[in-house]
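Heads up: the structure comes next, in structure tokens.
Letters A, B, C and D mark the chains in the order given here, with residues in each chain numbered from 1 onward.
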């Protein structure tokens, strides 16, 4: 099992859209947005099966999500996490004084984390903020 | 017996579809079916009916439990928090109506708050670009009736604005576009082969973060000047081909989204895209339009602008309005530790701000007004659930092309629940007393 | 409602022909009355000038392009925003003030009624939200018709009755006031990047000319008998030599007579005539044709005009004349906004600096003053700055100074970098006329009110009319020591009453009044064909449904004042 | 020249807006009068004396007034706001808008200055011995009139968007500069002694940029125009010359199109 370095972007997906309207406290939200979409070639480099949990780490944080094969590829070297608390645990908050964080284009490393759980959305944010 | 309500407006995205049909029970208390909406819009209407919905304000207790309180107690708590704060941030406003936004602006004016909407993490950089170079644009009906060149740059309507292509941009047969899709050429610029890109005549798979360079190269190509062999991973021949395709249309439009507003370059990406549009008007007719996200983020910008003079990131702390993203913008205010209270309405910064910004407000006095349970409500001291705007109450909203559409109430909210506007009026009247305002 | 008596002021009221005599004005229940009880509050106007509240006939103060101006010009507000003050909300903006500041500034200068000059019908709900948030002044809005697909299709076949039925429907659903035309046909052409620069240029696809649109709309307007006439911004605005297009446009009104119950006499109102009175073939030999234009208007009683005075400020241009704004951004390279509106109209916005050091700007300034000074009948010529196009409306006191004082004009001419060019390309140097206070009242009160069909309601101080009254710190008995005193006096009123409510005292806002939205409700014979056409256009070509199009509901027009028109018997 | 020394004694809980700290605002005032000037912490307006010790007194005019700022002013904004003459020395680091809208005089920041320093500067000298933040010497939002005169020297690194809409004046960065240099500029001169990242000179109409170090990604709108021997800020060297932005509009002088120039040291 290797570590791979990829360029992370976050953004909308229709499943994420349905899930936020369905309720962010529900597991369906985690299923829709607690994931990372990797190119098949990056899966090979990572040496992991599809649908395994991975830890994604950037200079700004670290989060566990489930790695799935990209639905909108190929995009080797590029990874996608739907917008939401999982992506925002690791994206670059630098706004370059424009007010806008760098939600897209964040260098991250991905390691397999088979036995680490993917937290629910609200649970994740509360944990990272130290709020019960 | 059931009733069918027609011409219903969908309170999900900036496409603001207004052709929905909703079937409700005879007593108007239950929403049964939704027609014409996309899968997301349908879910939004149906979720309002969920049985496990929170219907009363709740105070977060130290042990993590919640204590139910009355709306009056919630209004008192909110008013006290805002009145005491030196620099409160009133954020959100994009999933509520313009009437509520107006009352919110009064509260912000009385308490001298910073007010901001979700453009902060969406199209704020677009607004900066528009302030630098302008915006040649049009209404969506113009696209439907005239456009034969459609460019989607850094946006993925197939996922984010599901009915956009069928209602306005790709498929409809308009006055001068009788052949619908056949009369249009579609270009998609995206680092991924998105479901939108898969439909395109031309897909430019731009190297992520190099949109500014690629847009600049298009402008150079329009003028037939020298180009390096590759720009942003795209061979120059393909760039010149795309440039010619744009020039050769009769009426073109660039739709753009988070792909450019949130990537390196930020406002400059939009700035250059607008320059591209301006250039193209020397050869043909071209427009450009941001794919606004929340269904009424545009309205929030409009109301801010006519009341305070600026479309977002407005700082009223000195008693008059000031604006300068980087200083007065939510993310910077939070990450820099500039504010001492957080008021959220009609959005979910807990889920959509960088975690470092969320951490900041999680430890401040905070109030979250939202019909849903969200990461924001989860880390706020007070959660005030309200009626769903656009479902359980009406009110004016602005579509992504700034066209105002008055939302419809289709069903009664649960017994005793207030709307955003009703709750805000309680808060406003109380802060007036606390601040001795006229 | 409380009673007032304004004592011993010098009253100027063209409606009653009062020319500065000392007279008391009595107010009761929102109206001017003959007398009030002894309990009435006394306002001492000794040594002051008393006029009716002023009437703004043409300004861009509410709606999508105005707000686009606000949104994209933060620099227009830099260091100018004002704090909350008593009942005054925060304000900001030099050339595009916020809605609150707009209402307050008008009121402080003695204006009590204003017309938004260009409402895109599709955006009427936006226009009305801004009007609602503009305090004190009564407001109406003119929907634009000159590039409307229905209008062009009906008029192509000379279907006046259908055109009229459509106008009646649109004015009703948009809560509009009058028929506005901007660059007829040219803005539709602009949807393809083209333009119509003369009244005979064919409109692409629609097989009709601007001339046919204009005459057809005059006919339809008089068929309906609307309070105001056709209100036109002709083709070819702002270009050297454009005065010829202007004369061609004015001539189209020949033979038409006003038919209405509101006392209006004109069938055409030419707006911001300054922008349409240019001679020359380029910016080098650019010259004034104010004489040619005013000669024509002076000899044709069925036309009224407003001026569009250039105030020599940094401002923001905005118009439904989309192609013009594109032309302008090519000249000054400043940021360009454009909003084309499906089936109806378009618009553009570009910042502009009228620099006294640029000869063209100085000549434009002169033309704007030549026009009112050359107009024989002040009841047919009204002062505007086409706010914010030629300058912000807040500069009216300065324009009044220039009109009332030849000395002030001379001082400005001498201050120009290209003084000689101004004198050679215009006749401003030879005009020694000074507008009197009575003429000023005609140009800013009685005149515009009559042209708008509001003569029985506002613009005068006759018992029975609305109690809109402005009291100025200006003593007509005293010679003007310094022209700047005129500007000062007209900048801030001593007192302003709106519908009998004192809204301004010593230049400060003391009440937000009871602001009304003026709109015209025209009843016409049932016209199933037009209703079918409307229905079909919404199904096929509009991007929203017909059911959501109308400006309904308390939050759009909370306090309407409806002018009823019955055209069913025509 | 008279000197006023202000020393932070009670740092603010949030941030402090001290737009009165300029020779212009202090001129003709005693220490006591200066202590009465307004400062703002959020929506609370209080007096200078609440946060600062004030000693010495100002000269009769701005020109003969020198201000020395001591103590922790990392969370103080607007130092030197609109100053037109005299001197201002900040011994530590300061927050946003240092010397913003200044028209004359000398301002020295011995530490770092955060974003918007020298906004729309018209004249004078602004020296930052540490690092400068984003939008150094840039225009205010929406304004097409950026830095038009004066001189900015940064001994450390500079952030992004320096010299946006620059019209005139000179800016020297001894260290590196982040993305976007001189965007939309129509004049002026920027010298970067270190490295530049990318998006250098985008949409530039006129003006000159010198880069001594590397540029990660060149704008495609900048076209190679040969090599040239130059002396820049006392350094003689060979530079690769580029003209641009070829995608942007340009003025003509005597029938010749005038491009912006980018010189990169070889």
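By our rule, a residue touches a chain if its C-beta (ideal position, glycine included) is under 8 Å from a C-beta of that chain, and two chains touch if they have at least 3 such contacts.
A quick note: this is a predicted structure, and the numbers were derived from the prediction, not measured.
By number of C-beta pairs in contact, A-B leads over the other of A-D and A-B. A comparison of C-alpha centroids places B closest to the centre of the full protein.
Taking the mean of the C-alpha atoms as each chain's centre, chain A and chain D sit 39 Å apart.
For the pair chain A and chain B, the distance between mean C-alpha positions equals 22 Å.
Centroid to centroid, with C-alpha atoms defining each point, chain C and chain D lie 44 Å apart. The distance from the centre of chain B to the centre of chain D, with each centre set as the mean of the Cα atoms, comes to 34 Å. The residues of chain D that reach two or more other chains are 115-116, 134-135, 140-142, 144, 179, listed in rising order. The set of chain B residues touching two or more other chains comprises 128, 131-132, 264, 316, 318-319, 323-327. For chain A, the set of residues that touch two or more other chains comprises 96-97.
Contact annotation for chain pairs lists A-B, A-D, B-C, B-D, C-D, with touch applied as defined.
Only residues 62, 64, 66-68, 70-77, 81-84, 86-87, 89-90, 92-93, 98-100, 122-123, 125-126, 129-130, 133, 149, 190-193, 205, 326, 329, 335-343, 346, 349-350, 540-545, 547-548, 552-553, 555-556 of chain C touch chain B when the two sit together in their complex. Chain contact summary for the complex, chain D toward chain C: residues 140-144, 249.
Within the complex formed with chain B, the residues of chain A that make contact are 7, 9, 11-14, 17-18, 20-25, 60-61, 70-75, 78, 80, 83-85, 88-89, 91-93, 95-105, 121-122, 124-126, 128-132. Within the complex, the chain B residues that touch chain D are 85-87, 111-113, 128, 131-132, 210, 212-213, 216-220, 222-223, 225-228, 231, 264-265, 268, 271-272, 275, 279, 316-319, 323-327, 336-340. Listing the residues of chain B that touch chain A in their complex gives 12, 39-40, 43-44, 47, 50, 62-64, 120-121, 124-125, 128, 156, 158-160, 162, 191-195, 197, 205, 208-209, 258-259, 261-264, 266-267, 293, 313, 325-327, 329-332, 335, 348, 350-359, 362-363, 372-375, 378-379.
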